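Listed below are the structures to be examined.
Next, two complexes with subunit A in common: one pairs it with subunit B, the other with subunit C.
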Partner chain A sequence: MQNPQYNQQMEFFIDMQRCIGCHACEMACAECETNGQESMIHIHYVERAVSVQTTVQVCMHCEDPVCANVCPADAITKDDFGVVHTANTSRCIGCSNCVLACPFGVPKKEEKAELMMKCNMCYDRTSAGKKPMCATVCPSQALFYGTREEIEKLRPNSTPVSKFLFGQEEVNTKVNIMMPKGSTELRIHP
Partner chain B sequence: MLRLLQTLNRIALIKAIIAALAVVILVFLGSRNLQNFDAALIAYLLGTVFAVFGIAYRYSVWLQRPPTRLYWKRSMQFLFSRDFPFYLLRSVKLFFQNILFQRFIYHRSRTRWIGHFLLATGCLIAFAVTIPLTLGWIHFEFKPGNDTIYFAKVFGFEAGSFELGSFIAFMAFHALVWCSLLVTIGAVMMMKRRLTDGGLIATQTFEGDWLPLVLLIAISITGLGISYDYTFLQGKTYQFMAVTHAVTVILFLVWIPFGKFFHIFQRLAQLGANLYRHEGKKHGMAVCPHTHEEFATQLHVNDLKQVTKELGFDFTLKDGSNHLDLSPEGKRAALAKAHFEVRKNAGAFFG
Partner chain C sequence: MAKLPTSVDSIIDQFGPHKAYTPKEGFQGVHEPDKLVKTHCCFCGMQCGIQLKVKDNKVAGFEPWMEFPFNEGRLCPKGVQRYLQNNHPDRILHPYKRVEGKGFEQTSWEDAMSKTVSEIQRIQNSHGRDAFAMLSGVSLTNEKSYMVGKFARVALKTKNLDYNGRLCMVSAGAGNKKAFGLDRISNSWADLKHAEVIIIAGTNVSETFPTLTHYIWQARDNGAKLIVIDPRVTPIARTADLHLPVRPGGDSALFGAMLKILVDNDWLDHEFIDQHTSGFQESIDAVKDYDLAWAEEKTGIEAAKIQQAAEWWGKAKTSFLLHARGIEHHTKGVDNVLSCINLVLATGRIGKPYCGYGTITGQGNGQGGREHGHKCDQLPGNRDITNPEHRQYIADVWGIDEKELPGKGLSAYEIIEAIHRGEIKGLITICFNPLVSLPNNNFVREALEKLEYYVAIDFFLNETARHADLILPGSLHEEEEGTVTTAEGRVVKINQAITPPGEARKDSEILIELAQRLGVGDKFAYDKAEDVFNELRVASKGGTADYFGITYEKIEKNMGVFWPCPSEDHPGTPRLWEDRKFKTPDGKAHFNPVSYRDPAEVVDKEYPVVMTTGRVVSQYLSGTQTRRIGKLLDQYPEPLLEIHPKLAYQYGIKDGDQVIVKTRRGEATFPAQIVETIREDTVFIPYHWGGKHSANQLTIGTLDPISKIPEFKVCACQLIPTGKMASVQIKETAYQSF
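For the complex of A and B:
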C-alpha cells in the first residue's frame, strides 16, 4: 500500500454548517472503488423535529483509532500516511465493536455480509494523487480537499481544527473541521 | 538470540510448547509407536508441528488483547451456560454456515464466494486427508490373505475397506487431485478479481494478498505433478516432483501463523460474536438518548465502555453518562450540534 503518488500536502477539511443536505456526496461516494460501490458517507438531519440542519460525516482518520484498538480481529489498520483503512475482509468477524466505539459514529456494518465498512478517504483516488469523490462534487464546499494554503485563502475567518474532546478523552485526527478563527479544539459535550 | 527469547510472550510460549508436544504425543499414539508412521513424510511432520506451535502461539497472544479476551470469555460463558444444548446446536449450525460454506461471502459478491468456496473446500479436504496421513493416524493395508481388498486403519483400528480398482478406491487415491483442481480454479478466480478490481488494486499487497494465492497454486500444481508423474511418466521425475511439492507445502505450513492463512483460525471468532449478539438481545437493548431508538445490545455497550477503558480511552462525560451511550447517528448529531453552537457563539455560521 506504499504509494509514492500519495500527496501528503493535501488535507481534508469539513464544515458541517455549509452542508445543504443535497446528498451529492452520497452518490459520489458510491463510485469509490475501494467501497465496492457502497456509499460510506453519512448525511442526515441533525434533529428533524426542530431544525432543517443537516450534517455530513466522513471518517476522521484518528491518530490513535479507537476502532482499530477495539477490533478483536486486528482487521483495521492505519498506514504510514495516517489513513485508517476499512476492515480487512478476510479478518473482519462482523462483531460491530468498531461501529459502537467510534466516537464520530462512522463505521457501518453490512449485516448479511458480516463485514464492517467505512470511508478510507477514497484510497484508490488519493493514493493516485486525486481528490476523494465526495469532495469533488460537494457544491457548498462543506467537504473540501486541498492544501492548507488553499483553505486559508478560501476561509480567512476560519481555522482548521483536528482536536476533539469527548468528556475527558482527547481525540486527534487527520481530517480537520473548520471552526471560528483562533479555535484550537472542539468540545463535543460542553 | 537471548534477547529474542526475552521478547516472547511467556504464556503464549508455554501454550505453544504444550500444543506442539501434544501433537508429537498424538503421533506416537495414533501411529502405534510409529509402527504406522510413514517415514517419507517426516519433513511434512516437522512442518506441521512448527505450524501448530506457531498457530497456538499467535492465537494465545491474540486472545490476550482486551477486546478478543472479552469475546472469548463471553462466548465460553454463554456456550457453557444452562443453555448449552441450544448454543451448541447454534454453533454447529454456524460452523457449517460460516466456516464450511462461508455464506457471508456470498453477500459480499457471488463470484467471490464461488472462488473462495472452491479454494477453501479444496484446502479443507486436503487438510482432512493429509494431516492424519502425515501424523500416522491413518494408513492403508491389504486385508491378510487378500491382495485386492484394501482397508483403512484409523489410530490402528479398522475403519472401513474397499476393493482396489473400485470407484471408491479411485476417488480416495485421487482425493488430492480433486482438491488441487478446486484450489487452482478458486485461486485463479480470486487472482482475476485482484487484477481487475480498482479498489483491490489500490489496497492490496504482494505478501498479504498475492503470495497466498501464488503459494496455493504452486502447491496444487506440484501436487498434480506427482500424480502426473506416476500415472503417465512411470515415476521417472518422481524425485523432482516430490521435492518441489514438499518445499511448497512446508513453506505454506511454516507461514500459516504469520500470514493471511491465520484468518482460517481467526474466523472461528465469528461464531462467538454471533452467540454474543444472540445472548445480548435477551438482556435488553440499548436506546440512544438522541434518536430514542434501539441500536445495540446493552451488554455490548457496557462491555465496550469497559474495553475502551482498558485500552486507555475514557469517554465518560461530566454528568456520569458516557459518549458511547449514543448510537452512531447520535454521535454524529452531537458533533454537528457542538459545531453549530461554536459557530453560533462566534457570531457567524460561515467564514
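For the complex of A and C:
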C-alpha cells in the first residue's frame, strides 16, 4: 500500500435534491494544483425556464471504466482503491474516445492542452486522509464524503445507489447517488 | 465638489472594477505557504471559518478549516474566492485627491490627513457640527464599529452617524426590542436540528446564506417539514414541503391570518401566554377579521396552503421560524417582524431546545456592528442614546461630559435627504456604497453632488467613492485583527493574516490619527485591537448586548462565545429565554397588534407590475468586493429581469429581450429571463450592480416609520419591451458600473 492514510471505507455520495447550484464545488475544485484553475466537476441547470434544479456532473469512478477500456493509448487507469485516474499526460493522445464513450458525459478534452482531464477524487487530499475539495466545501452537503454507515445514519430517508442501467447496459460505480429510500438502481430508459 | 472629477471611463481605467482571476499555476507560493491563518470569511452573517494561505505577506489561497464548528470546512463560492482581494490590481495603495478635469492624483498621507481635518473644521465652524456626517458599515469588526461610533461622537462631535445596517437588520432589531427587549436570534443554529417545522420567510437561504442550508437539511433528514414563504421558487423553496408564493407586500396579512387560525383551532400555549407574555388579546383582536378568503386576496396565496402552514405550525411540538430581508425591507418591516413573533409567542415555542426564532442577519458583522454604537440612535451594549442613564454610563467610559455627547441623529437615508436639502455639507464614509445600495439612487447621486467635501475610506474605489474629494486607502478584513458577531450571536475572532499593502493603512490607524488631529487623541490611545475590545467589554457591561465576560483568549479557546456573557466565568448564552426572563420593562414577552396595511406604492393602471429586488449567490451586497472577482462575475455577469412566461407573453417579451423597466423614480434596461419560478404578477431584479445596470434606480425611498428601512422589496413598475436582444458587450462590462 503506497498510501496508508487512504481510507477505503470512505465513499462519495451525491444528493441532487440538495444541490443549490451555487458552484462552490467548481471553484474549490479548480484550486487543485493539478487542475490549473479548471474545474473537474460541473453544475448545470436542468431547465432553468421551469425550475432552479441543478445537476452535478462528476466522474463516477466506474468499476469497469469504459473510458479506460476505449483508450487506445492506455492513458487512463484504475488504481487498487477503485479511483479512475485522469489521463496520464505523457500517454494521452487527445483522441477523445473517452469523451465519447463515457455514459455520464464526464471527461472533457482540454482543447488547448490536447489532453483529457477529469476528476481523480482529489487523490492528493484523499490519500492524505482529507476529503475531496468539492465535498469539503459543498454548503448543502449535496456532495458528501464519508462512510456508508455515516450516511445511512445521517440520511434515513434516502438510499445510496451505485448501479445504473442504460438500456441493457449495467454500469456500477464507486460514486453513489442518493435516491428515495429503498431504491436499488437507477434505470435510464433508452 | 462631490461631482465626478473626470469621465467615468477614465476612473474605471484607474481603479476598476476589473476582473481578477487566480493564475493557472496559482499565486506564487500557494503550495508552500509561510503560514495558514485561521480566520473567517469577510462576507455574510454566517462568518464561516476559513484558513488563509499566506506567502510573503500576501494571501495566496485558502484551505478549509474543518474544526470550526459552524461550517466544518463548508463554504459558498464567494467564500472560496474571497482570497482574491488582497492580490487584486484595483486595490487602493495610496491616498488620492480629486483634481477637477483630471481625476484622482496621488497625495501624501500628511496632506490627506491635514486636508480632511481642515475641511471638517471649516464645515463645522460655518454650518454647525451636525453638518458633517459619517456613514459606516458592518463589514467592519466589532472593534472598528465601536471605534467609529466613538469617533463620530467624540472626535467629529456630530450626531449624524449611521450605517449600512439601516438597509439590513433594523426592522428585525426594532421588532425584537419591542417584543423581547433584546435584539438577537433566540437560539444557535444547532437548535434547527430537531425542529419539527421550520418556516423561512423572505429569506433566499441557499443563495444568501448557503452554508445554513446544511442545517435545514439536517432537520429535514430528521423529519422536519419545511415551509418557505417567498414570491420566487428559490433553490431552498424548490424542495420545500410547502411553498407559499406570497405577493410582495402581503407578509403581515399572511401571518395575521395564520394567527387567527391558531386561535380558532386553539393551537395555543395558554400557560406560556398567560404567565410570560402581554398584549395577546389586543393582538388577536387585530386579526379577528383576517379569514382565509381575505388572506388569499391580500397575499395571492391559495387559502388551502395558508391553512396547511398554520396547521403544521400550530400542531408542532418544536419549531424554528427564520426571516430575513424579504419581510424586513418594507415600510411595514417592523410590523412584519412583529407578526412573525406573534406566531412564535402564541405557540410558546421559544427558550426551549429545538424551539427558536430569529432574523438571519445579513452582513458579516451585522449582529455585532448593530450593537456597539454606529447606529444614529444607539450607544455600545445596544444602549439607547436618548436614555439619560445610558448616556451617562457611556460618557463616563469615554471620559467625556455627558452634555458633550451628541443626541440621536438621522438614519442613513435621512442623511442623504439632508445632504440633498443642503443641511449636511460634509461626509466621511467607510465601508458603505450608498450609490449602489440605497433606493432611488439618482436622488442619491444628486445629493452626493451637492456635498462641499467628501472623504472616503475604503480598500477598493466603490461607485460612491468616485464622487469623493479625498480617498484614504484602508484595510481588508484580513489586514486587521478583531472580532465579529455572527448571525447566531457567536462572537468569533478575525485574525490578521497580512499587513496592508502599499501605503494603505489599517482602518483603525486612520481613525486614530484623525482623532488625534481633531484634538482627542487621548480618547483613542489604543495600541492594538484587543485594547479596543477590552474597552468595548466595559462599555457593553450591563447593556442588553453584554460582552463583558468575553475575552480574546476565551473566544479562541471555545471557537467563539455567545453573548450575553456578563462575567469571565460565564459560559455564554447559545439559547436565550430559558429562564423566561425577558428584557422588557415588565419582564414579559410582548405580543404586538399588527393590522395589515398596503405597501407605500401599489400597482395601478400606469404602473401595473410588482417589482421586487434581491440577491444572487455569486455576488455580495453592492458588489464593491465581489464585482472584482472574475469567476463570481462569470457565473452571473449582469442583472437579469426574472419574469413569468404568462406576463412575458402579455408583453410579447421573449427570453433574452431587452426590457425597459420604468418606475416613478427612473428607468433602466435589463435582459428578460423567462422563468416559471416567479409569481405571474411580479418581476425580480438583483441589485448588486451600479450605473445603468442598477436596480436601485427604480426602487422607492419610502421608509418604515420605526426602523427607517427603505422599501426595497416592493414597488410598482411598467415594462416596455424593446424587441431587441442585449449585446454581448453590455453583458461583459455590466460589472464596471459605467
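What we mean here is this: the second predicted complex is superposed on the first by the 185 of 190 C-alpha atoms of A that agree within 3 Å, B and C clash if a C-alpha of one lies under 4 Å from a C-alpha of the other, contacts with A are read in each partner's own complex, and residues count from 1 in each chain.
Simple rule for what comes next: a contact is a pair of C-beta atoms (placed from the backbone, for glycine too) under 8 Å apart; a residue touches a chain by one contact, two chains touch by 3 or more.
In this text, all values refer to a predicted model and were calculated from it rather than measured experimentally.
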Inset, instruction - Judging by the criteria at the top, classify the pair subunit B and subunit C on subunit A as clash or fit. - result: fit
Inset, instruction - Could you look at A:Arg18 and tell me whether it touches subunit B, subunit C, both or neither (first, second, both, neither)? - result: both
Inset, instruction - Would you mind checking which one, subunit B or subunit C, touches more residues on subunit A? - result: B
Inset, instruction - Have a look at where A:Gly36 lands relative to subunit B and subunit C in the superposition and call it first, second, both or neither. - result: both
Inset, instruction - Would you check which partner chain A:Gly129 touches, where first means subunit B only, second means subunit C only, and both and neither mean what they say? - result: neither
Inset, instruction - Considering only the touch criterion stated at the top, classify A:Glu169 as touching first (subunit B), second (subunit C), both, or neither. - result: first
Inset, instruction - State whether A:Leu100 touches subunit B only (first), subunit C only (second), both chains, or neither. - result: first
Legend entry - Partner chain in contact with A:Val50 - subunit B first, subunit C second, else both or neither: second
Legend entry - Gap in Å between nearest CA atoms once subunit C and subunit B share a frame through chain A: 5
Inset, instruction - Mind sorting out which residues of subunit A both subunit B and subunit C touch, each in its own complex? - result: 17-18, 33, 36, 53, 155-157
Inset, instruction - Sort out for me which residues of subunit A touch subunit B in the complex. - result: 1, 3, 15-18, 32-36, 42, 44, 46-47, 53, 55, 57, 66, 69-74, 85, 89-91, 93-97, 99-107, 110, 112-115, 120, 123-124, 127-128, 155-158, 164, 166-169, 177, 179-181, 183, 186-190
Legend entry - Residues of subunit C that touch subunit A when the two form their complex: 21-26, 31, 61-62, 64, 66, 71, 73-77, 79-81, 206-207, 210-211, 213-214, 217-218, 221, 233-236, 238-239, 617-618, 631, 635, 645, 655, 673-677
Legend entry - Residues of subunit B defined as touching subunit A within the complex: 62, 65, 67-68, 70-71, 98, 104-105, 107-109, 197-199, 201-205, 260, 263, 266-267, 269-270, 273, 276, 296, 300-301, 304, 307-308, 311, 313-318, 322-324, 326-343, 346, 348-351
Inset, instruction - Write out the stretch or stretches of subunit A touching subunit C in their complex. - result: 17-18, 20-24, 26-28, 30-31, 33, 36-37, 48-54, 131, 133, 136-141, 154-157
